[in-house]
Structure formats: C-alpha cells, structure tokens
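Multiple structures follow.
Both of the next two complexes hold chain A, though its partner changes from chain B to chain C.
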Partner chain A sequence: MSKAEEILTNVLTDLGVESANRADRIKEDCGLDSLSLVSVIVRLEEALGKEFDDSDLDPAELITVGDLIALTEKYL
Partner chain B sequence: MTLWEYLKGRMLEHSRRVALEDGTTYGELVDYIEERAKKHTERNRLVCVSGKSKTAHAIEILSVLASENVAVPVDDCYGVERKQEVETTIAQDKKQYPELAFIMFTSGTGGKPKGVMLSHENIIQNLKMLETYFALLPDDKILIARPLMHIAVIVGELLYGLIRGATIQFYEKPFLPQKLKREMEEKNTTVVCGTPTLFRNLLRVSACGFPLKKCVISGERLFPALASALSAANPQTEFYNVYGLTEHSPRVSALLPKDFARKAGSVGKLLAGVQTKIENGELLVKSPCVMVGYYTDAARTNAKIKNGWLYTGDVAHTDRNGYLYIDGRKDNMIIRSGLNVYPEEIEEVASACAGVENCVAYGEEDDIEGNKIVLKYCGEVSEQTLRKFLSGKLAPHLMPRAIKNVNALPATPSGKKVRKC
Partner chain C sequence: MKKEALPQNPYLSCVEAYYLAWLHEFFDVRKLYVESFAEIEQVANDFANDVKYENYNGFARVQDTGEKLGIIKHKIFNGDLCCHCEGRSPAAISYGIQPRNLTLIKVNEKFFRGNLTAWRDDHFIAATEVQEEKLYYVNHYPLSCGELTQAQLFDVYGGTMLAYAYCDKFNVALYDKKRAETLMRLKETPQSNCFKTLSGAALRDALGVLKISRERMRLWLLSEGYDLPELNEQVSDLQRLYFKLGADIVRGKNNADYANVLENIILNEKAWRQKL
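This part shows the complex of A and B:
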C-alpha cells in the first residue's frame, strides 16, 4: 500500500468505512454524504499537516476513493 | 399583520444601514424584494422556493413573503427525490392559505415527510421572543453557513438579523471548517449560529479559537465537555445554547452567556410567553408559536397538539431554578449532525433489499456527528450490496455510517425491536 493509500485507509476506517476500492464512489459506495466528507477532509488535512487548496476541493472532482487518494498524494 | 408587513416596518427603521455584504442598504433591499415580488401574480398560494446560492434562496423566500404568498423552501441537499415529491405535492394544491407564512418539510416516519405549517403570527411572535434575550446589534455581521431549509436558520439568523439591522453575510463555499474560519476572518464576521457538530469541527481546525463575538448553538445535544472546550478556546466570545423545534417556529428556550459554563448541559430558561408542563416525562409547551398543524395530516396534527399543548417528543426535566434539561427522545428519532433521522425510514428501505430478513437502525453516540447511524441486519446479502442498494434510495443524511450483518437481532419479550447496540 502506498503512503497516500495508508493515510486514507486509516481515515476511512476511523469513520466506519471498512474496505474501499479505488473505483468505489465516495457517496454511493462508501455511504459518505457531504457531512461525513467534511470529516474525511478535516482528518486528511490533520494527517498531512497541510490545508487543501480550494481549487482541489471541487465536489465535482471528488467522486471516487481514487480521487481522494490522488488528492492525498498531491499533498504528500 | 402579515410577516412581510412586520419585517418591512422593522427594516425601514434602519433603512440606511448596510443589509448585505455588497453594501446594499436596508432601504434598497426592501425595494428590491418588493420589485421581485411582482412576478407572483396570485395571492396566498403555496410557492416552492429554491435558490442556486444561499443569497438567492434568501431573496426568493423574502420575495414570496412580500408577494403575500406562502414560502415552501426546497433544496437538493436533503435528497433530490424529496425535493421533487414536495414540488409535485405543492403544485397540485391551488387553495389559498392567507394565515400561513411558511410550510417547512422535515423528516417523518412512514416514508412521508411532514409539512409544518407556520403562520405569520407564529413567526412574528418567535422573533419577539428572540428579542427578549439575543442582543444582536446593527454593528454585528452574521454569517449564515447553513441551508435555508431549516426554520432555525430562516427565523433565528436571516429574519432576526434583518429586523435587528445587522449585516447579513452568506457562506457559499463547500462546507469545510478551515474555509469557514477563513471567511469569517476575511469578512470580519461577528456572529455565527450552528450545531455542536459544526463548532466541534471548527475547534478541530482552530485550537486557538475563532474571532467571533457571539455564537448560538442549537440543533442537537451540546455536551458539557464541548461547551467547556469552546469557552476555553474563545474567552472573548459569548455563547448561547438554545432549544426549539420546527413545530414551535422554532425557539423554546435559551441558555444565556452568563450561564453557559455554570449551567452546562442545560438548554436554559423558557422564553417569555412559553408555558410548559411535563407529562409522563415528556415536555409539552404552549405559546403563540405553536404551529398551525401538519399539512394535509390531521391525524398527525391531533397526535402532536392537544388542547393547545405541543407534545415535543423530548424527554426533559427542570431544576429547581427553572433551568430546562433535555434528557432524550420519547420516540426513536436520532439526531445526527443536527438533522432528524427516524430509524423506521431507514429500516423500511433496507427491508426492501432482496436478502434482508430483518433489520434495525439506531444511533450510537459519537464525537464526530453527535450520533452515528448504525444498521444491523440478518440475511444472506453482503454489506456492500446492501450499502449500494441503500445509497440509491435513501437521502444522503440517512445513510448509515456502519452496516453490520449479524446472526440475530435482539427483541423485547413482546417481539418489538430493541434499538440499542
């Protein structure tokens, strides 16, 4: 598992999402709605010690788990 | 007097003050709203109101009121299906409702959202109650961060801000605490209202506090630990913890800043004009703010209001100094991040999934969202499959955080579901 995958897996497990594949959609497959997504973002930022840029947080670009992994990788 | 007449009168008292962040004055705002109101040619009809932004939504709601029609706020954020269902229902109703100002649709059991009918008088009286304790000043800048789908936001933030002559700001970005905090700083916001969940998130990203003068907390239980943490991080901020329900327009009681720390856990004292009694542990209230009733649901209305007393569904007690404490719910309703969730709504949908024999949904206390929703079920179908099935059918905020396949579900001796872990 890459560093980014590891960080994201920990965050998702904390929030009760037990197993997720890259292709899984955040809402439909992981059951995370916009309220829970806030928690994901906050925790990712904490783990990375960085704040995501507004432009990287366009809801239209964050559809799958893979998108979240890419986002995490970008800030590593 | 209609709600708009009341609002207009108050707004024109401070017509030169700045109403909106773009510099629009109150005088200009009143003119603008009345101009927009002209597109509604009929009177006293139910009008669904949506908006692409909070700003647009607010203006549209006010325009509908100014046109002497009844505002029925709708939005995608709590499910596209629910929005369409409400729009279809309302479109079929051509009757006139001169006494109403709003119909607020909220979660209900039996698969049907409840439409809370609120009159002009209901809202005007609740605004007057707010004025007995909430010193919002014309110099204040209030940032509205939540959807205008909740009467607490409409009455407690928008309308109250307007009658007090404050400047109204809208937060239109994605709902993320860091960005919200930054916007507060950039806009010199002085007042924010939100749920304990929102403030907990804000605290996570700003241990050294946020630059606000007044914070009003409502919508779900505020645990003393969070209250202490908020006070400690923000010694210069006045915190209010308030309680209400849509059926009461909404505010019922308020815990004032001076009591926020020493009476942590309480929702404060009843507002002027609100009578109360406790019946079988349940809090009943009576005042001019009790709703007119549920839209097209006389049976539910009669179960909720008896002899003018509103059955809140909350179990409560008061201490000997008159401070109110909410102890829990009488029914099974769960409050998650300030939103009402009926486990029955989730169970009904889950039961329809092929392979699910039996299921139970319940809330588990959680420091992320107040309550997290858990769904346990018996059956041959996998958790993944059930989750996929649900996500197509349940509004987003109803989705369980955890779904567990179990061998057996506990039941009471009479066979009823047991809704605990």
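This part shows the complex of A and C:
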C-alpha cells in the first residue's frame, strides 16, 4: 500500500467506510454524499498539513477512490 | 431497487432519493422536474429567514408533482405496525413490494445503533423484498442494504409507512400547462445582489438547494429538447462553489469573500435563461 493509499484509508475508516478499492465510486460504492466528501477532503488536508488548491477540488473530477488517491499523491 | 441507484438523481430528501431511483426504472422522471424551479432571490430570502435545507419547500417535491400529474398514488399508514400487517409482519408488508410499488418504512434512532444519525429528524428505509420472515431493505444514509428480522423491524419501526403505486395516468393537459408556466418564469430576468445577506452554513445550504434546482432544470429542459451549455456551466459552478463553501466551513474559514463567484452565478443565470 502506498503512502497516499494509507493516508486515505485511515481517513475513510474514521468516517465509517469499511473497505474501499481504487475503482470504487465515492458516492455509489462508498456511500459518501457531498458533505461527507468535504469531510474526507479536510481530513486529508489535516493529515498532509497542506490545503488543496481550489482548482483540485472540482466534485465532478472526484468520482472514484482512485481520484482521491491521485489527489493525495499530488500533495505528498 | 439497488442502493447504487440512490445517489444518481438530484434529490432534497431521502424520500425523493428512493422515489426517483424506483420510478426511474419505468418512467422518464425528468418530467417531474417541471415544478423544480425557484428564483435565486427566493431561495436566498428563504435561507436568510432561517429555513433549513432538509425542510426546504420553495419548489415542489417530486412525489407531490407525480401525484398531481396522475402518475402515482400514495397512502400513508400511521401507528402500530401490527395493525397494518394483520399480525403477520414483516411478510404482510410484501403487499407493497411489487415492481411498480414502493414501500418506505420510517425508522427510529435505534436503527442507527448509535453510529450515525440521519440528516433530518425523520428517516425512511425502502423495503425491497420479504423472504422467510425477513425484510430486505436499502438505506439512503448511510448508503447501505441489509435485512431485518420481524423482531428487529418492530424494534426500529418509527410509526409510519409510505406506500406509492404507479398508476400510469399521466395528465398531459396539466403537464403542458405546468410546462408553459415554468418556461414563462424562466424567461423573466433574475435579480442581482441576491446573496448579500447570506454567509456561512445558510449560504452553503442556499447554494445546495439551487444546485438541485438547476440540475433538475437542466435535465427537464433536455427532456424538452433544450440543450443549454450555459446551464451546464451554471450547474458545474454551483457544485464547485457548494463544495468549496462546505470545505471552508469545516476548515474554520469564516471570513472568506465569495462576492466574485456569487456574482458569476448571477451572470450565469442570466446567460442561460436568455437562451430560452
């Protein structure tokens, strides 16, 4: 498991998502609604010690767990 | 109904989420969005007056529009589960579990087992199947599916069931009247400076309601043959801004200035409505 996957897994587990694969869809498979996804983003920022740029936070681009891993990797 | 279908339609409540996911299987639900328009000014004023997102009623709920248009009939059962099921619960609930019926069961706080709570004070699950005295269900929040024994169902039952039945009597004349009314409203010029009295969670929730309304307008207009790139842009901008505001609130950024992006929302609004 990569560092980014480890960070994301910890965040998702804290929010009650028991298991998630890279291809899983954030809404349909993980069951996270818009406000839950906001919580994921802010917890990732806290774990990374950095704030994501607005241009990286387009909900239309954050569809799968893989998208969240890629976002995390970008700020590692 | 599969749980994956629940987030795929624009909804304001869990009942709308179940209703749209169910009806979508055999009816073009975009027609129900004919009554989903609200002016930005109206939504902003509502939230300035402490209206809550979960109770928002500035435009019609899809289940009410469906009933008015003759597509759906509904019944509400209040009170003890035993009475409704003639002592044979949960199997008796299966009267409503047919392809063209939807049965929603209100659940109490015991359903959540202390882990999560619903985002409004009433919450429903949708019954999908009854087998060997077990009720199978899908749940909108947290998104899940599961099963309840008879004893468990009695324990978590919240005192109300909603039953919807598809009746396929679409009132074309009434729909055409509503269609004309909505198109007339869309051709009016929206006001500027609508958001100036809003901030924080109230602004976020107003944008959340507008996001749903404009996504429904986009889908409804597509069903009517209008494909408007300016409206697509408005929906995307509302989604991004709603998300950013939500994040800023959790980050504790209470003094962020959104004047420019909010002004852009008004300009977008004028742009897509001028194309009609």
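To be clear about the criterion, the second predicted complex is superposed on the first by the 76 of 76 C-alpha atoms of A that agree within 3 Å, B and C clash if a C-alpha of one lies under 4 Å from a C-alpha of the other, contacts with A are read in each partner's own complex, and residues count from 1 in each chain.
One rule holds in what follows: a residue touches a chain if its C-beta (ideal position, glycine included) is under 8 Å from a C-beta of that chain, and two chains touch if they have at least 3 such contacts.
Since the model is a prediction, treat every value here as computed from it, not as a measurement.
Placing chain B and chain C on a common chain A by superposition gives a clash between them. Contacts of A:K27 after superposition: both chain B and chain C are touched. When both complexes are overlaid on chain A, the residue A:I41 reaches chain B and chain C alike. In the overlay built on the shared chain, the residue A:D53 is in contact with neither chain B nor chain C.
Touching of chain A by both chain B and chain C, each in its own complex, is seen for residues 16, 27-31, 33-35, 38-39, 41-42, 45, 51, 54, 57, 59.
Considering their complex, residues 16, 25, 27-31, 33-35, 37-39, 41-42, 45, 51, 54, 57-60 of chain A touch chain C.
Partner chain A is touched in their complex by these residues of chain B: 77, 173-179, 197, 201, 204-205, 336-337, 339, 368-369, 372, 384, 387-388, 390-392, 396-397, 399-403. Against chain B, the residues of chain A that register as touching in their complex are 15-16, 27-36, 38-39, 41-42, 45-46, 51, 54, 57, 59.
Remark: chain C residues 3-4, 7-8, 115-116, 141-144, 208, 236, 239-240, 242-244, 246-247, 250-251 touch chain A in the complex.
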